[in-house]
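First chain A sits with chain B, and in the next complex the same chain sits with chain C.
After this line comes the complex of A and B, so read on.
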């Protein structure tokens, strides 16, 4: 194995490691931020300032007894969390997170920071995230519980209605960039307008960015759109009957999906690793900073906005979000045609 | 050689999963097997150097249509097919239905044989690959414009029909 292959494998391993850690860090960040928003400290006992709380959580979840309700479907009950977490990890496979680098001259040819560079990368992310809903739907069905079943039904209906707006918002950016490769989309956002405004697509696509963010919240089943597990109505929704490690995989998939959504938003709308002051070699610092800001907004929204009513969510998705996305797409297409002709 | 091996592996997976779809008593498992079959097909498309078709297959069939299938199966609340209903009086067990099914299966076998062994059919592949999304879009909106528009009108009609059926009597839209 030569140095180049080793470094490629190292990058893949690093991406995997970052995603696993992202879920642990996000649990801590969520509890801390929620605490501060509610004028509390949040977790404070384990480690300095409660920093080791995720570790304690994981140990606790591993030690718990695994239960499977009577009448549950044995195979699908086991398969559901695996599908969830596999789709969450796989979705990140085509998301680039840094510019090309030679590792300070270590390599003759630069390598790309990211797992794989596919020429239909945007679509791959979209396709794989849409497979994640099977985990939730199957968990709901296989549990043999009415609350779980309703959670699963809601998840599938919600996914169908939000995926349309989500895909239409993506299509507008793809039209601007003229490419389906995430790396090329990022690279088309380098440079500045008028000397100070970065050429990020969020300035060309403000409506698209808002639609993407709202649909992203609905896709990851986060509050205010967390209907599959709405605890006041459905106990815990699709994961009511789960315990121990199988239960832990569902929140983990949710947090990894959040990280993927934020990373894709950064690549598509916020210029990826492009930013002032830092040399391109250190672009990943910009990337991580932008992802961090979006993740903070996710958590901020969750603890600020109350949950919608389910029928409101459906009519909002079909009657407001989707038409807005279509109009945005048509206007973008007309403008692209006008300025390129 | 490894490519051929992967091909046979995926093809076996696709055929096996498709056979399991009709071999399952539990409709939930049938849906899962159909998803597996679509996944294997998508992998075959990737092997044919058509990543766009593969991803479209996943998004449309495995991602959207099968979610609707699951939705319907869950609402049917039929985890096990009722064996008592499956007796001689079942409409699908009548002699006419059986004969029609046998005829269709025979026709399919003849068509497949003709398509696979007919003159100059399998040779045309290997021409310019139409893998780029740009090329697919250009061909779709120029050469196959009429077929594309006809399909979209068909889908529109189906949508209007669904809305009409879903609306209750005397209710304002």
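After this line comes the complex of A and C, so read on.
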């Protein structure tokens, strides 16, 4: 194995490790931010300022008893959380997180920071995030519990409904960039307009960005659209019957999906690793900063906005968000043709 | 990494991670099942009947219209990529395509497929009366 392959495998390993850590960090961040928004400290006992709380959580969950309800489907019940987590990891595979680098001259040819660079990256993200629905639906179906089944059904209907708006909003960005590769979309956003406005697509696509953000929150089943696990109505929704690590894998998949959603938003709308002051070699710092801001907004929204009703969610997705995304796409197409001609 | 190998490695790592975690908890966790623990949760009462019964037809309807509209979105992507080559004729074609879809969309909307809450009086008046 030559140095180049070793470094590329190292980048994959690092991405994987960062995703696991992202889910742990997000659990902690969510509880801390929730605490401060409710004028209390949040976790404080384990480690300095409660920093080691996620570690304690996972050890506790590992030591718990695995329960499977009597009528549950033996194999699907175990398979469902594994599908969820695998889809969450795989969805990040085509998301680049940094510019090309030679590691300060260590390599002759620069390597690209990211797991895989394929020319249909956006489509892969769609395809794989849709696979995550299977995990949730199978969890609801296999449990043989009424709450789980309702949670699973709601999740499937919600996620497929918002996928339309989400995909249509991204089609406008693909049209502007003229490429399905996430790396090429990011590279087309380098430079500035009028000397100070970064050439990010969020300025060309403000409505598209808003549609993408709303649909992204609904796709990851986060508040105010967390109907699959609405605890006041459905106990815990699709994971009511889960315990121990098999339960822990569902929130982990959800947090990794949040990270993927934010990373895709950063790449497609916020210029990825492009930013002032830092040389391109250190662009990943910009990338991490932008993803962090979006993730903070995710948590902020959860503790600020109350949950909608299910009929409001469905009619909002089908009657407002989807038509708005289509009109946004057609107007963008007309403008692109008008200014290109 | 160039190409699809990275995606495969990532899927393998994901399956491996989840499998190791589930296996570890099977090794480390206690095993002391009782009939009460193994019963599905139903707010503390004994579970009534099976969970896998009939459920609202709304979910099937949404799945079906999703299939139609998702195929439409899948058609959008090649068009969006080729927009600059196709020019205005391509734009007119996609608008025609959307107008045809709009007929179906309006039909679905008027039939009340997109209404999940209380049914509007117009839709209710069109439904056959119970005998």
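What we mean here is this: the second predicted complex is superposed on the first by the 341 of 341 C-alpha atoms of A that agree within 3 Å, B and C clash if a C-alpha of one lies under 4 Å from a C-alpha of the other, contacts with A are read in each partner's own complex, and residues count from 1 in each chain.
The rule is short, and it goes like this: contacts are C-beta pairs under 8 Å (C-beta built on N, C-alpha and C of every residue); 3 or more make two chains touch, one makes a residue touch a chain.
These numbers come from a predicted model, not from an experiment.
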Legend entry - Contact breadth on chain A, by residue count: chain C or chain B: C
Inset, instruction - Check whether A:207 is in contact with chain B, with chain C, with both or with neither, and answer first, second, both or neither. - result: neither
Legend entry - Touching partner for A:124 - first (chain B), second (chain C), both, neither: both
Inset, instruction - Using the touch definition from the top, say if A:329 reaches chain B (first), chain C (second), both or neither. - result: second
Inset, instruction - Return first, second, both or neither, reflecting whether A:310 touches chain B, chain C, both chains, or no partner chain. - result: second
Legend entry - Touching partner for A:51 - first (chain B), second (chain C), both, neither: neither
Inset, instruction - Mind working out whether A:157 is in touch with chain B, chain C, both or neither, as first, second, both or neither? - result: both
Inset, instruction - Could you say whether A:149 touches chain B, chain C, both of them, or neither, answering first, second, both or neither? - result: both
Legend entry - Partner chain in contact with A:180 - chain B first, chain C second, else both or neither: both
Inset, instruction - Would you sort A:133 into first (chain B), second (chain C), both or neither based on which partner it touches? - result: first
Legend entry - Common ground on chain A, meaning residues reached by chain C in one complex and by chain B in the other: 118, 123-124, 141, 149, 153, 156-157, 160, 163, 167, 180
Legend entry - Complex contact set, residues of chain A against chain C: 8-9, 11-12, 15-16, 20, 61-72, 78, 81-82, 85-90, 92-94, 112, 114-118, 123-124, 141, 143-150, 153, 156-157, 160-161, 163-164, 167-168, 171-172, 174-175, 178-180, 235, 240-241, 244-246, 248-249, 309-312, 314-315, 318-319, 322, 326, 329-330, 333-334, 336-337, 340-341
Legend entry - chain B residues touching chain A - in the complex, by the definition given at the top: 28, 32, 35, 51-52, 55-56, 58-59, 62-64, 67-68, 70-71, 74-75, 79, 132-133
Legend entry - Residue numbers on chain A that touch chain B, as the complex places them: 73, 76, 118-120, 123-124, 126-128, 130-131, 133-134, 137-138, 140-141, 149, 152-153, 156-157, 159-160, 163, 167, 180
Legend entry - Partner chain A, residues of chain C touching it in the complex: 1-7, 9-11, 13-15, 17-19, 21-22, 24-26, 28-33, 35, 37-43, 47, 50-52, 55, 58-59, 62-63, 66, 69-70, 73, 76-77, 80-81, 83-84, 87-88, 91, 94-95, 98, 109, 114-118
